[in-house]
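You will see two complexes here that share subunit A, one where it goes with subunit B and one where it goes with subunit C.
This part shows the complex of A and B:
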């Protein structure tokens, strides 16, 4: 336990991100408009429904959450602070099955309505127990929650069916926007998809579709003295080159998702100390999912051949120079104590450093399955970084064991439709991007019933291991069970495969202060701590 | 005693009867149409590159060689290597195959369909002509690239869909031009004669009228070739055309130009040069064909 705690602290330090050219910050200055570029479109404004940074980056600043990752220490997987609650984040009572939150009295919605515990309860009810037909992307994260009550306007009580370490990190997810109960009751549960009324640091002004989202300072923001900025403008720029040039030409100050290494180098070369670069490991992993309902991918031997063929170590060495991927890892965020170490990884299919032996095994499996010259189509997302780069690399990796693969690249909406509804693919690029590092929740993607398991299959043994894992309170035991689960889902049953973990590089104008890189592009996007040193 | 005019006629026949050597024909062409000859040379070079790609290159066009990623031009990688370590020269040579395949397919199908539609529209006239021409107006109201983008956005990316997307806007363009020629042909008595002999409409259109609109058809066809190559490159550049790892010039630009324009400019320069040269070549050649086949221009 002590060893794990030490590792956890160490992980915090390692994950804290390397700040190149960082300086000791002076007292924040007030004023100014932060222009930032966003590389994806806004599907809707509803945080409870959406999963993309395309929504989080422009919309998160208009909302608050019950608790949040400490903005001054966003790399830590355990450092959470209250946002609309009072004091410290509560510890579990009654053996970790009861959490009581005291709600601030000074929080106000942008329409002037005071925020109370009833709003928090209504919001969390929508997320955890949504009515039929109302989408909630993170409902599975709160599997342990049995009930939510608000006995008065300042108290919210969560009761869990069993103690679990996943609850508090799940509460801190940046998607858990607090909505007004009045709005939910009056306008219904889909109103927030097209309307904004939050309690965040900025008030929503306008959204010019395909162009920008604009907000102004919320003078009655509950974190007194903040925000420092007068306003924000999220500029839509789907093309990477446009985003880079926007920062280079000072049309925008920052891009929060991340740039490839070449663009970092170009910006630093061109602008010198006018650019500050923050870097961090990223709680985001690029995967590929075979469609278990399509022959021959219903055969685990074929699925395992797919993963055996991929040289992750070689890929890491070279792709990290041209793409936002870098780290070789298993199913858990590589810097976390629950993550597999090198020795453990090397025992998994496709992780050996002897790629020749792995590829020989892949060929053997394909021959045994009767498809030595397998042909299939790789479904991919029309986003360069890292999807198309890694997709092209994967096709070459598979070619080396005799597979003939063509690529079907689709823009994001049809890509998602293929994964979620149509299911008309052989193998698809997939990803698991999470915000708060919460391994036990993050790995639910591989469960048979998980909404984001796009492989149309699963593994009963892995599901059973996960049920035990969810109820375990001992970190040592949890770690051991994660190893068993990992072996099932990316090796024995090969539900879906991990390729490489992402690496986050955020070059920004040096006058942007107060923002700290997090291991996720979803985190630290409330923007109340940013100021401009101009 | 022969008159002056008889002597002239005999000379003309003699000249016609004289069979010129191929190199003499080529020299004459270069002398009379130097730009068209230059364009023709580029087209021939492209065709040869496309046909003999395997023999002209030393690397597999799709295989990654990450150890040589972004290698600058040198003895081995004459034009340099791209971000996956693939030889740029190889990919440009094989890219000619993609460009010509898409270019010729779109141009031939688009121009042929347009010709049939244009001749039929002129031949039938009346309501049919009215409806067809209004449809042509509607389609031609959209810029070529916008229409192609709309079609490929509906059908999805991929080589076949790109061909469909580029071909559709070509059809009305050719139909409009051919119709104006066919309207004049319709009034010539042999068409009435064919009708009086009881020939079917299809036979009259395809056997008797279509051959007489070959001049505008060929001019449109050659101009479509360059446009189709440019459109394919544009769609691929926008990520809506041919997909990796297929070698295609627009795709090479898309993959390299944005990201490596500063640190490895050769990744962007060579595909750009290839696209420009090909379009330039086809346009010059097309202009030459037009100058040769158009009596008004020929007399200048």
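This part shows the complex of A and C:
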């Protein structure tokens, strides 16, 4: 067994350990309504179109997906299980270019229509090959898919143009709601924006706009014996203080996105053992992007000085007490087998534990570039957690090597306008927040041609490495290539820098059982495994 | 009188058109775009073609003047359009929140009047006594204390107090139930924001009642009434109070109009799904259509409240309509 395969197996076993731990709990009780608070708004009900957790948290429980992250082991970045398919998630055939899924026969839409392979094909066609004028937010994740066929009602076959490690994680995205072919044919491709008809654990009852979404137990749910709850109610509460108070006052039992450390501590202090806290690394990372088109940031020495000046290890220790950031990592989610280990990280610019040496290097680079007293403006987003906290910390870090930085904080719309349209910033806070951990897809942000690479620059060598990486099917080779790519994009060419990875904290009422924290607030939101120990 | 009312109504037309122009173009000056926020606001990658498609679907690719004409045409054909964020009709989105905002506004007005009128009278009658000082301190505190801050204190007080006395923290409900479905649940949610806003509102009205009543109490006809030997209670209630309430009615009416769309922060604190919260969300989402229509709704409420007050003035004081 190769070292990497061992790691992949280990990642699954860690999760399996949690499952064993979970079985110590009492048997699930049936009944009850789960009230939970959601800090964002629902744009539409269409998972294929939307990107926000404001839609996922209230709507995901009404839908199924072809495969999903193992709900009993969501901490593992590589453990996927079938949802509406049968058996294990298939391994690729024909050199990793063909995936055959056998579809369950006992799945039914909430309107009573049986679900077949034709529905899965119609759904995936809509996501991957949408007709002109129909939005699909994640079709880029499926670039490798050449065709989808459903030779009978129980089989769906995906054929890929080339083997890629991005396919299975992309298939498990929680946004890939299975729609009924009949609905798509009868009502059109935009019907699901305002209507719900899924095969999920709960049936949609009502949406009181701006207030709550309510659902009841789906008695004919295909995962027999589930869900345990009689119903769910997703309550909209945009203000963080209201969400915290709602849990404290038991108006809601849980919030699935995450609270800052102080609110966790406040809740625990107020309620003691009536609160249970689950914590996890989070597949979101805060970055800073220098504008390569603005002098002196066109000089890689200046860009590298920016990253050398930042004490990530020190920042992790102190910022994690006040903000939702914690983990020091490279470009890949820290717990993934493809992520850089400590020894590999320490070789990258700005990751050494000897911050004195790093800062001396930063000063040397600035002097060599002719800007020993660099002055610039940091463009930041007017959101406290973690943007403003980390932005303020970065300014202090840069000050320690003689840079003079002022912060320009803007509300989200003008912040995005600066980043994407005007592009008139020196250095900007940036971020990368994904759902299913899919390293090869997630790191595209650094590519020269990537639409979300806001540094206006890139690195030809890194682009070439990525092209090979995308077409590799060997995990060992993939990991090695990711290391080369990482060295280029956050060190040698310093396209953009990683600051700290986010850290997810979910304090909830202790009577909420069965839900396990995932490394993303988009995951494990079908809620079929939750029960109330009341 | 009818000529006066007609004149006032005709004056509404240029006011509303001016407001429409102002709102439409001012909103377009704000950088950002609803499609970018929706598709890439969470940090996920958004294909530029998807953003363009979204803009096209929402009509944002049209020249500004065409968008403006569309906006005005909507009033002609009684179609206020759809929310750019949810896709549901604006009328529907506003209607479901209007009821809650109206109830809070009415309850806050009742709280304010119940506090302001008696305290204002007592303060005026007991001018420069310790009672007057207490009332004035109470009302100045109300003006100085933002209602959202008072709201936060109320919620924290309820949580801490209930846990202390009953062992389990209690907070007001965070979802709205109409009063005819569950009156207790409805009042348990709305009484607190009504108190928080009503207190600030009452502080303004108390001070107005006091100063207006003091002014009237110095009038010759009040002195004459006292000289005639009328008892003080009758002088205050029958002669002075009625005449002093004219400016108080104006203040109450304008505050009521403000409450209909102005409880922006208080609604957030109590998680009320009212017009104020919708306002904040639509601005945050760059939902131009919703924001425009909400601003126009507030303009209409203010304009008609002013019209009502003008007519009331004209009815109470004939000198106004003849001038």
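Keep in mind that, in the parts below, the second predicted complex is superposed on the first by the 376 of 534 C-alpha atoms of A that agree within 3 Å, B and C clash if a C-alpha of one lies under 4 Å from a C-alpha of the other, contacts with A are read in each partner's own complex, and residues count from 1 in each chain.
Quick note on the criterion: a residue touches a chain if its C-beta (ideal position, glycine included) is under 8 Å from a C-beta of that chain, and two chains touch if they have at least 3 such contacts.
Every value quoted in this text rests on a predicted model; they were computed, and no experiment measured them.
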item	value
Touching partner for A:98 - first (subunit B), second (subunit C), both, neither	neither
Touched subunit A residues, subunit B compared with subunit C	C
First, second, both or neither for A:241, with subunit B first and subunit C second	both
Partner chain in contact with A:159 - subunit B first, subunit C second, else both or neither	neither
First, second, both or neither for A:388, with subunit B first and subunit C second	first
Which of subunit B and subunit C A:406 touches, first, second, both or neither	first
Touching partner for A:313 - first (subunit B), second (subunit C), both, neither	neither
Touched partner set for A:420, first subunit B, second subunit C, both or neither	second
First, second, both or neither for A:50, with subunit B first and subunit C second	second
Interface residues of subunit A shared between complexes with subunit B and subunit C	239, 241, 411, 414
Contact footprint of subunit A on subunit B as seen in their complex	62-64, 66-67, 69-70, 83-84, 153, 156-158, 239, 243-245, 255, 258-260, 262-263
Subunit C-touching residues of subunit A, taken from the complex the two chains share	37, 41-44, 50-53, 133, 135-137, 139-140, 193-194, 208-212, 233, 235-239, 241-242, 245-246, 248-252, 270-271, 284, 411-418, 420-422, 431-434, 444-445, 450-452
Residues of subunit A that touch subunit B when the two form their complex	239-241, 260, 262-263, 265-266, 269, 314, 317-319, 321-322, 382, 384, 388-389, 391-393, 395-396, 399, 406-411, 414
Interfacial residue positions of subunit C with respect to subunit A in the complex	30-33, 36-48, 50, 53-54, 57, 85-88, 92-93, 96-97, 152, 155-156, 158-159, 163, 168-171, 173-176, 268-271, 273, 277-278, 280-281, 284-286
